[in-house]
């Protein structure tokens, strides 16, 4: 189950959706809005996505993970819009027969999500400035 | 937060207890009662613990993990008593500034829990027999 | 000459001032031509140009990928979700 | 001679038929002596003997660890939680 949402992420429902008696191990990852990034203070993040492509890439990621680990169920949800400190921006839940598989698959999914899924975050710093985050180069002040 | 319980594990509350704006990453692991073990069908598990020592060992594990990763918060709960198929036997939640740390610490905690914390499971097989699980030797029919 | 619709996201959209732009286009031209034409027509995108990514029909496309006016095309900076 | 209380768990308790047993004990004796006396007094434990673990005051104890009658002592098979 892949989704993008502008609402708070219900990771409890997400986790329940991957549980099953076939799988002894469930791993859930939550990404949350952190107060400090490289020593600077964040007050909020704005997430923007390219929804059709983001969903397509997330589906591809699920298939890539399934080809590498004996995954039972996967659920990934990414939030878009304005997020405050501590809010959950992304949740990845995966169930597998054994725990090592579940940890590896969960880490693979969030690692790959961050490099290939077209979603972008804009920092809202405590000093009132904003800044798009674009890995692979220094960050540039937002307009 | 370390605990043993005879009640169903509320992993949602457990996960909430480790979230914080200082930590961008939360990893939750759930161990659940699996239907098939080495091809045999389980209908239930009975977990027994040595509670004082189990709590002491879990506290040691938390300290060992904190000495290796920049952990913000940890919560571990292990259930004891009679568990049905799909029930959660153990939940480990950990928060860290970054995701790699959280995955590594979570996996370390559950891996070590399984080798050092004095808790035992007894299989209730579909054929009506029971069997204590004792790693490190073949399993022996329970009386 | 036909025209190609290009969706822009994040800082690329902010710099160009629009979520979608139209470029003059001949079928057979490539992603490299798209990037060049885009930054010519929207010079404010130049600081971002070396890092701009192009997606054609929901897949990342290399510079030599040929683009048709019927393709769904988007242009954006490196992603930063998660 | 004093006596030592030994808690038993899981299959060890089932085989011995009791969650706690008392062994005759002299201070200065070791974990190795404890295991031997336990299986002498409870022969049903013998199938499990090579894999029995001993904990003294909530820590795993080697065979040469000295046990006093005031120690909290437990004996059990390899753990299988999780």
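Here are some notes:
Chains: A, B, C and D, in written order; residue numbering restarts at 1 for each.
Going forward, a contact is a pair of C-beta atoms (placed from the backbone, for glycine too) under 8 Å apart; a residue touches a chain by one contact, two chains touch by 3 or more.
Not measured: the values here are computed from a predicted model.
Look at the CA centroids: the one farthest from the centroid of chain B belongs to C. The centroid of the Cα atoms in chain A and the matching centroid in chain C are 25 Å apart. Chain C and chain D have Cα centroids separated by 73 Å.
The multi-chain contact residues of chain A, meaning those touching 2 or more other chains, are 31, 110. Multi-chain contact residues of chain D (touching two or more other chains) are absent.
The complete set of chain-chain contacts reads A-B, A-C, B-D.
Looking at the complex, you find that chain B touches chain D at residues 31, 47-50, 52-54, 56-57, 78, 89-90, 110, 113-122, 132-137, 140, 142-143.
Here chain D touches chain B in the complex through residues 7, 9-11, 14-15, 47-48, 50-51, 55, 58-60, 72, 74, 76-82, going by the rule given at the top.
Chain B makes touch with chain A in their complex at residues 11-12, 15, 19-36, 85-86, 97, 99-100, 102-103, 106-107, 110-111.
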